[in-house]
Amino acid sequence: MDFAFAEEQRAIAEVVSSLLTDQCTGADLRRLMDSGQTHDAARWNALMELGLSGILVPEDKGGLGLSETDFVLVARACGHAALPEPLVEQAGVVIPLLAALDHPRAEEWLQKALAGEAVIALAHPVNPFVCGAENADALLLVQDGQLHLVARNQVQMDTHASIDPFRRLSTVTATLTAETVVAEASVCAPLLAQTLERATVFAAAQCLGLAERSVELAVAYANERTQFGKPIGTYQAVKHLLATAQVKIEFARPVIYAAAAEIGANNALSRARASHAKLAAVEAASLAARTSIQVHGAMGYSWEVDVHFLLKRGLALGGSWGDETFHRARVLACALSSPAADSGFAFTASKDTLAHAA
Amino acid sequence: MDFAFAEEQRAIAEVVSSLLTDQCTGADLRRLMDSGQTHDAARWNALMELGLSGILVPEDKGGLGLSETDFVLVARACGHAALPEPLVEQAGVVIPLLAALDHPRAEEWLQKALAGEAVIALAHPVNPFVCGAENADALLLVQDGQLHLVARNQVQMDTHASIDPFRRLSTVTATLTAETVVAEASVCAPLLAQTLERATVFAAAQCLGLAERSVELAVAYANERTQFGKPIGTYQAVKHLLATAQVKIEFARPVIYAAAAEIGANNALSRARASHAKLAAVEAASLAARTSIQVHGAMGYSWEVDVHFLLKRGLALGGSWGDETFHRARVLACALSSPAADSGFAFTASKDTLAHAA
Amino acid sequence: MQLSFTPEQDAFRLEVRQWLQNHVPQTRLPSFDTEAGFALHREWERTLAKGNFGMVTWPKDYGGRGLNLIEWLIFEEEYYRAGAPGRVNQNGIFLLGPTLMEFGTDAQKARFLPAMASGDEIWAQAWSEPQAGSDLAAVATTAVRDGDHYVLNGHKIWSSRAVFADWAFVLVRTEAGSQRHKGLSLVLMDLKIEGVTVNPIPQIDGEAGFAEIFLENARVPVANRLGDEGQGWHVCMATAGFERGLMLRSPARYQEAARKLSALYLEHQDRLDPAIGRDVAQAWMNAQAYALSIYSTACRLQAGGSIGAEASCNKIFWSEMDIALHQTALAILGPYAELAEPMANNHDWLGGYLFSLAGPIYAGSNEIQRNIIAERVLGMPRG
Amino acid sequence: MQLSFTPEQDAFRLEVRQWLQNHVPQTRLPSFDTEAGFALHREWERTLAKGNFGMVTWPKDYGGRGLNLIEWLIFEEEYYRAGAPGRVNQNGIFLLGPTLMEFGTDAQKARFLPAMASGDEIWAQAWSEPQAGSDLAAVATTAVRDGDHYVLNGHKIWSSRAVFADWAFVLVRTEAGSQRHKGLSLVLMDLKIEGVTVNPIPQIDGEAGFAEIFLENARVPVANRLGDEGQGWHVCMATAGFERGLMLRSPARYQEAARKLSALYLEHQDRLDPAIGRDVAQAWMNAQAYALSIYSTACRLQAGGSIGAEASCNKIFWSEMDIALHQTALAILGPYAELAEPMANNHDWLGGYLFSLAGPIYAGSNEIQRNIIAERVLGMPRG
């Protein structure tokens, strides 16, 4: 039993975090927003140069062969910066799926994606829209249970604006044939299920970063801004609002980390944990952003401060990769599944122990 | 449209309130509790001498012929004092039911009840227990849809203690025959339904009184008790806790009054209103009592202050006359019944208006 | 206690309903925080004025209908039920209009009220400053007397409607060196004069609902001062009383929102966590409770009562209800919630949610309201 | 990161489970805040001590098992899973025991620890006074030196377990005229000596979980002072650190409660508002989150870290979770919730609810914890 991250795991996230502190400031976000674009090529290239695209890809496929625990702090750092570019979606979700496909066309696109030469969007059945399809070079689509891989120029899309200035939501159609198939239904289903778990946990990790950043911004403002002759951060009401948000954060964090560590178990508890992580993180991000807006006063309701980016990203992630209804149902099913057994514990003791005691 | 109580309506409640301020203090409650009894005969007699037992009984049956609006402030005053004796249950619930029965035995017991010579308990199907059956002289029981009236000595009961020191909960059995019937099923059903509405609204009114008292006690304590060199009532955290409870109270109050005034409409909106009144009042009473306990600190968790009487009464009333599940279902049904129509308004305009506009 | 409408009230409701049926634009207008939307909303104000439905609560002498509060509530219910446009004239109707009637000279009333009522002049509020938000007494903008004019210098912020409005009522310091609440005055200023620069501030929803106003030697006639010199704080507080009290937030908007929420829930119920039904029921109850409370207060006021610190309870209640109601809608929409433009036929729940987030902040933050409740309603000591 | 147990940990779990299966009383003991219940719980402490399961976290030198934190969590999980009795010895295990080990003389350790471990001497805490609750530094009880003794005079209140306990650790002012945190000392006092009067205070649940203690010239040997004279505040804060930190509230009790809540919901599900399922799911999540957080902290502490102000987050979380969980249970029980004695086979949800209401108050009120989080975790300025 060890709940700590390894030195290297922290170091990887620190590298990403440093880069984003430099290149993904509020001013950078505002400039990108004003340009009407959703991605910044220079920042994307800089991120790709860190070589993290293959972090979850086995070494024999050209990746680093690391695990979700090695990436969860990176996802958190991306949330903290409200990063517009799809590092989490690519390195954490789509590329691992591509790497799991046993098909030459998938292999070809995998290598491009690993090299930072292509971005691949995934139309996962749990999401009614594909986020970032416009900027993608190829798309993974599901039809009749089969997974298809098609180039961007072979699809038609209908694209909507999101409240998040850096997201575009598309519905995608394409003429899919036997040639475009990259995985048969029997292979596809478990891979999509596994992908959903990863995406859920990494969405949660991003929300954790969003929540932490919202509180940081509010604290900095409250400590500086004076009203009635003293910093508003000295008022108990302001303190208690932020303390309440901080408690939500503190009790989302270990759930997210455990969900990342346990993802491989692929059982009812690990799925409930992923759902729990997302519900708790989305709630923490929402409360922290609303609290931060409130502490900032009218300023918080404007575009002058960065909180609105955090609020909107949290809102978008809340509805992606399964909404409240979806995830709460998974949690409740687990909570009610076998309340007489050991399921109440945080971790399952080994089967042997249980067998002995039975 | 007039939302105000008449002078006389306030005066009636004031008389009850004055009597209880004298004769139902915290010390009185503690003395009764120590005696192991649930009722104080002297206080009950004093209340009966006010002549309110027939307030909701038609004049031709020996009552005052007044309406629920005339009684709702009395019920609130009884809640405020955490009155142990069943003034609300008798004058507000059981006696009006008795008066609506067209049967000589009912008439006989009605006259005794009006004279303060008998207490009648009602086993309403919505309640699994009869409260106060032990102290009753007769009981109204329902079997196969018929209403029966039997003297206390004809029933067997199994009685349980309530967390509220002044309530006893009984399950009652009796040999019921054609002779004990006082209302046939066709008459009984609508009367029981009407009784439920009254009991619901008056339970809500009592909870309003409980909530108001809880806040009063907390404010008095907070203004007097000093910690760290100043009254704890000067701390923003304490103020905000109590302000939050007060907001709950302010937005339960008009719902309860409207529910009393509209009870005669006997339609989906009036029933939803009664349910809303009870849900809001129970929630206000619960929050106010918990807040008051918290403001009182360790003192609030002891029997030294009166808050625990208020907490327990609120808990007991919360589960009586329909619990959360029961009342929320009625509200939701109304909210979803015809959302395209005028049901969203607080009050229904006259049918003519709607007909014209249609 | 008599909770039903009189035949006259029913008749008035019918009149309003029928007029609205004939006049409300068929399609939703663009936001009045856009230039095109502002013009269309101004047109709508003119249409209302022609039907004498513009300033219904104003006395007849000033071109209103002289509605009492209950009639106003009926009007509002019908207005929201009909899906009529938001009121770009809101500052005039509820804040400056009543203030002018109470504090204005006859000449001021004659000059300003008709154009306000007709929609020809739309008004902005210019009170807050970067260092004077919740703490309004910290206002630093100066107005120095120069003959028949005041010369204004300063920086106003969070000025609602100011981007496209014609006039603003501005809180200034007319006594040099005065402190806090003393030495302030309220002046009525044409936003198009020299020395006035209005910069939009994009709001969280991307629209320019606020502006900052830079004043550099802007000259305002002394005749445009509202109330006596040095009485600005007093006049503002009277205005804030209108704003914070009954007037600003009619219950009808919440009842209409709760009704739409019920419809949304019914539409999606099959695929939803049934627990969301509890939130829908709660939204219905909240909207009802708010309406009943306002009807109750209206009756009391009509009987000669006055509104006091309990208005702070209203503020907290509606602002929290509004957020919760919209959160429920977004939970129902799930993955569709983030769409910047609502799906066909849908209400703009997302916009409403973002708007609701301002609720706890403006018109006196909820923290300040809780202090007021504790101190003035419950009688707790000042800190 | 490695979230599974070692074979040694599994083996230890099995050992605990089997011992508990053989020793936990078949029927629920009466509350230890009754005389009979206290005696039975003391017997249970003796049984635990015989099995060397009494003070499992104490070092072996002091008669404990020297369990590390993870092993302690496993022990607690098994303990709650087995439905074993509450620990009447809690003050000794978690508060005074560790404090004695840190601040006690060898003679004090030898005199007090074995009897504490065996259950032969049960300890009460006597810190608060009528005018010193949250503001503990306002302690007024005096201890005047008279030869080898201190002579104690004063009035202690909210003393947990004191009604039936044998000894108390008492915070007193040993320096006459000293102010606030200065001049305080902690002394160990036999509750049966002359000059000590213990009066039970009935709690909200009718039981005497608290007492007040009147001290009238009670003589305590100077040798029973814990720590240096005038160091009482320092010793208390160290003790409070144990209390507020990881130790007091093991996650297992909430996980067991959440498990029972799931079972209760399943039993009544058919007649319930499905929205209650959301509360059940939330209770499960809260209990899991709390457990994960404690496991995480335990790992950090074992790796040499220290627990800081984040313990305040724990306090707020468990106290609010506990109330919400029990409210959900009462909502499920509906009209059965008010029964003073639970129905057959049912958990005592009502008692648990009443107990949970003390959560936000004791061990540092949640208001104070929020100040600590804001100031020490978030770095906000003192008021």
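Should a chain be cited, it is by its letter among A, B, C and D, assigned in written order, with residues numbered from 1 in that chain.
Just so we're on the same page, a residue touches a chain if its C-beta (ideal position, glycine included) is under 8 Å from a C-beta of that chain, and two chains touch if they have at least 3 such contacts.
Everything quoted here is computed from the prediction, not taken from an experiment.
Enquirer: Looking at A-D and A-C, which one has the bigger number of contacting C-beta pairs?
Expert: Higher C-beta contact count between the two pairs: A-D.
Enquirer: Just grab the chain with the largest centre-to-centre distance to chain D, centres being mean Cα coordinates.
Expert: It is C.
Enquirer: Taking the mean of the C-alpha atoms as each chain's centre, how many Å separate chain A from chain C?
Expert: Once rounded, the distance between the two centres reads 39 Å.
Enquirer: State, to the nearest whole Å, the distance from the C-alpha centre of chain A to the C-alpha centre of chain B.
Expert: That gives a centre separation of 51 Å.
Enquirer: Quick one: which residues in chain C touch 2 or more of the other chains?
Expert: 273, 275, 277-278, 367, 370
Enquirer: Which parts of chain A, given as residue numbers and ranges, touch two or more other chains?
Expert: Residues 235-238, 240, 328 of chain A each touch two or more of the other chains.
Enquirer: Could you pull out which chain A residues touch chain D in their complex?
Expert: Spelled out, the residues of chain A in touch with chain D are 1-6, 9, 69, 215, 219, 222-223, 231, 233-236, 238-240, 242-244, 246-247, 250-255, 257-258, 261-262, 273, 276, 279-280, 328, 331-332, 334-336, 339-340, 342-347, 349-350, 352-353, 356-357.
Enquirer: Which residues of chain D touch chain C in their complex?
Expert: Contacts found on chain D: 273-275, 277-278.
Enquirer: Looking at the complex, which residues from chain C come into contact with chain A?
Expert: 128, 131, 133-135, 138, 157-158, 201-204, 206, 210, 271-273, 275-276, 323, 327, 330-331, 333-341, 350, 354, 357-358, 360-362, 365-367, 370
Enquirer: Taking the touch rule as given, give the residues of chain A at its contact with chain C in the complex, in rising order.
Expert: 127-129, 160-164, 167, 169, 226-228, 235, 237-238, 286, 290, 293-294, 297-298, 300-304, 308, 311-312, 315-316, 318-320, 323-326, 328-329
Enquirer: Sort out for me which residues of chain C touch chain B in the complex.
Expert: Contact set of chain C toward chain B: 1-7, 9-11, 13-14, 17-18, 70, 77, 81, 251, 255-256, 258-260, 262-263, 265-266, 277-278, 280-281, 283-293, 295-296, 298-300, 303, 310, 313, 316-317, 367, 369-371, 373-375, 377-383.
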